[in-house]
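Should a chain be cited, it is by its letter among A, B and C, assigned in written order, with residues numbered from 1 in that chain.
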Amino acid sequence: MNKIYLDHGATTPMREEVFETMKPYLQDNFGNPSSIHSFGREVRKAVDEAREQVANAINAQPEEIIFTSGGTESDNLAIQGVIEKIGDKGNHIITTQIEHHAVLDTCEAMEEKGYKVTYLPVDKYGLVNPKDLQEAINEDTVLITIMHGNNEVGTIQPIKELAEIAKDNDVYFHTDAVQTVGNIPIDVQDLGIDMLTLSAHKFYGPKGIGALYIKKGTKLQRVVHGGAQERKIRPGTENVPGIVGLGKAIELATEELDTKGKHIQKLRDKLIEGLSKVEDSRLNGHPERRLPNNVNMSFEYIEGESLLLNLDMKGIAASSGSACTSGSLDPSHVLMAMGLSHQTAHGSLRLTLGRDNTEEEIDYVIEAVPEIVNRLRDMSSIWKGKEANYSN
Amino acid sequence: MNKIYLDHGATTPMREEVFETMKPYLQDNFGNPSSIHSFGREVRKAVDEAREQVANAINAQPEEIIFTSGGTESDNLAIQGVIEKIGDKGNHIITTQIEHHAVLDTCEAMEEKGYKVTYLPVDKYGLVNPKDLQEAINEDTVLITIMHGNNEVGTIQPIKELAEIAKDNDVYFHTDAVQTVGNIPIDVQDLGIDMLTLSAHKFYGPKGIGALYIKKGTKLQRVVHGGAQERKIRPGTENVPGIVGLGKAIELATEELDTKGKHIQKLRDKLIEGLSKVEDSRLNGHPERRLPNNVNMSFEYIEGESLLLNLDMKGIAASSGSACTSGSLDPSHVLMAMGLSHQTAHGSLRLTLGRDNTEEEIDYVIEAVPEIVNRLRDMSSIWKGKEANYSN
Amino acid sequence: MYNEKVMDHFQNPRNVGEVESPDGVGEVGNVTCGDIMRISIKVNNNEEIEDIKFKTFGCGAAIATSSIVTEMAKGKHINEARDIKNKDVADELDGLPKNKLHCSNLAADALTKAIKNYLGEEDDEEQEHEDESNETQ
């Protein structure tokens, strides 16, 4: 059975071109970029090139790109870094209720240190209201961090508008763009933001490497201490193959944003249409302002994990909420923030498409899901036969 | 010209076997280990296996191994993590003057937060005196962090003895073993330590991946916040290829500790003997208690960078002090702590051998170095011809 | 993450449905995760469980434990069936992942509750063995 991978929101397969680009740095070009001899200089050049590729892709300057070990570390560096540096000027952070745990948990850690955090609500589509942001800002606010595209429901926030409010109030604005970079065009100048998080493995690059865009002049203190690498903002021997792979991956992704993006979006719309025909189902997230590759549906009366396991047995890899949160049994905090009931949230399915998915695969999924949903509903204690419930 | 790499202390070439082990995880096995579908489960298994390989290599339990992005992050996690968690029980840390910047700078950052740090001195061989440690401990001491093998001069500390003092005083003991793991046998039980840092790229594994051994029961708070990965101690999507590569590399290194170790040590001794014949030279570090692959010599009246550049032109890759400190112009803090004069410290050369170095290469180096040293001395303002110096 | 036996019971759950005119029904919700399970039983004159069926809204482990608990209880005297603890259920499945041990509570609780319902007993302490779950593997 050919497997169908529909979990590109969790991670993506690495592109062959990216692998080929990394290969020399996993074999012969092994030097430490900090070394002044030829082995070192050679790889230093490669790291610099990758930095340019990243900068070009998001319309930044190379000096504004700091490589990290991934999206989680970038989020932490942005938030902890700013707070450590200017937290004495004001003790208030603003974020949203639907952030990834990398942001949410970091904000909570700041709360434990005595900072105040406002978690902005979202509407039923998962959108933040700019008015809410405006009202939440006070004279103690030093940082606003609002994600670009939501990893679970795909809703894309009006970052430009939100960042403008931040700017008007002289507050730093960070956005977690892990789900949007490589999926939709990103221009940090146009967005008007101060910091942006990205992670290579979400756009066909390697795992364990990411970057933080830090606009020139932004005051920030490093989180990890040590040597002089990455302009002393992120010490540690550079993950050279990872950095080179990130550079190549972001370049490739940017080149095909138009073409592949349209293909993926077409499949997404087909999938949404097909699955919406299932009785008692609903689309989660915004119908238009959503990631081109994200489908998130709730099917009442069934539970996500059983659905996933059944799909897996049919060769379909999907997820229910973010893979990164799977350590928890609570229903998705994102769906709850959007007002779904505990039960509806439990029955949610996330299908995230990628560049290699085909129309045939989508047809297969549109057939498979309703069968499984029906089977699970037949054995569900809360489906129809409620009248049979004798207990108190 | 065939190049001679003698900078294995900075980083090592990745072994072909390690590359081959990583390859599938850079290509087909790309899943996110947190995903419950088949793509995820497959790589989860690989991550678990690597954890066992690391645990076996240092005589720990798999649950005691946390993967990080490298030695620097592991050092930070150990120090910041313990202080964040139990820093309210006592505000005193003990370390040494010769630590790597990953430890030194982290301790300084703790000082800025109000903690007190004692930097133990070393003798002229770079050895810490256990008596000094005993005396430095007070009732506020909560953490002792002392490196195993020094990255510049190769001196190996009496960790077992030092850790015992820590234990007797009920204080956590961490050791940065980045330079020893893969080079000499390591047994965390026998050493009696609570935490140990290691980094894959120092033993023919990939860059950007390391681990922290955390003895069961050790109280420690995470530094980077986010998802549930690595038992919530180190969140972020796992660097699967890196982890798999680390596992393989440590297994291979441990297997050949005896055989390759002897070969390397023989070359080292030959090199030391050959270079010691240079007039006004001296060996830095302990003559016996030193890393099997480390040679560190000072040549009076010349400066390290010019020496390195000249060696590089002859195809010899070496370093002067640690590559990671190359951002700084100050003479090595390690050599200074050992009592070398500013000038002598400046003229130091580190040659660190590896498994692929040959006797012929060593012969070549023993010939090349004196030539270069003489050439540089001939143009040195402080060499002999001081009388020719007209400036005041 | 789940072993073969768990997956077998998940894929081919035994005794799904509702017993017709049951003698006892027990429905429980899991405080940890919000999942819901209902067990209905038919008891014969010897006070043996002659028929038993389940319906479950829950995760893979919840469905598998429901399935196996019906097999374990079927044909047993109600006093014996009452003694089935969540750990027995997990053991019968050759173990569950740590974070899924709580799921086995559902099955044991629903069964006990169905038996109590048959006996006309008050139900007061359904969460009695809620957290002996954590250390078995």
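Here is the rule we go by: a residue touches a chain if its C-beta (ideal position, glycine included) is under 8 Å from a C-beta of that chain, and two chains touch if they have at least 3 such contacts.
Since the structure is predicted, the reported quantities are computational estimates derived from the model, not experimental observations.
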item: Centre-most chain, if every chain is reduced to its averaged C-alpha atoms; value: A
item: Most widely separated chain from chain C, with each centre as the mean of CA atoms; value: B
item: Centroid distance [mean C-alpha coordinates] between chain B and chain A, Å; value: 34
item: Gap in Å, rounded to a whole number, between the CA centres of chain C and chain A; value: 39
item: Geometric centre distance via CA averages, chain C-chain B, whole Å; value: 55
item: Residues of chain C engaged with two or more neighbouring chains; value: none
item: Sequence positions of chain A contacting 2 or more other chains; value: 305, 309, 327
item: Touch list for chain A against partner chain B, complex; value: 3, 5, 7, 10-14, 16, 19, 22, 26-28, 30-32, 34-40, 69-73, 75-76, 100-102, 105-106, 108-109, 199, 201, 206-209, 223-229, 232, 235-242, 305, 308-309, 311-312, 316-319, 322-328
item: Contacting residues of chain A [partner chain C, same complex]; value: 301-306, 309, 313, 327, 329-331, 342-343, 346, 378-383, 385, 388-392
item: List of chain C residues in touch with chain A within their complex; value: 2, 7, 10-11, 13, 16-18, 22, 25-27, 32-38, 40, 54-60, 62-63, 99, 102, 113, 117, 123
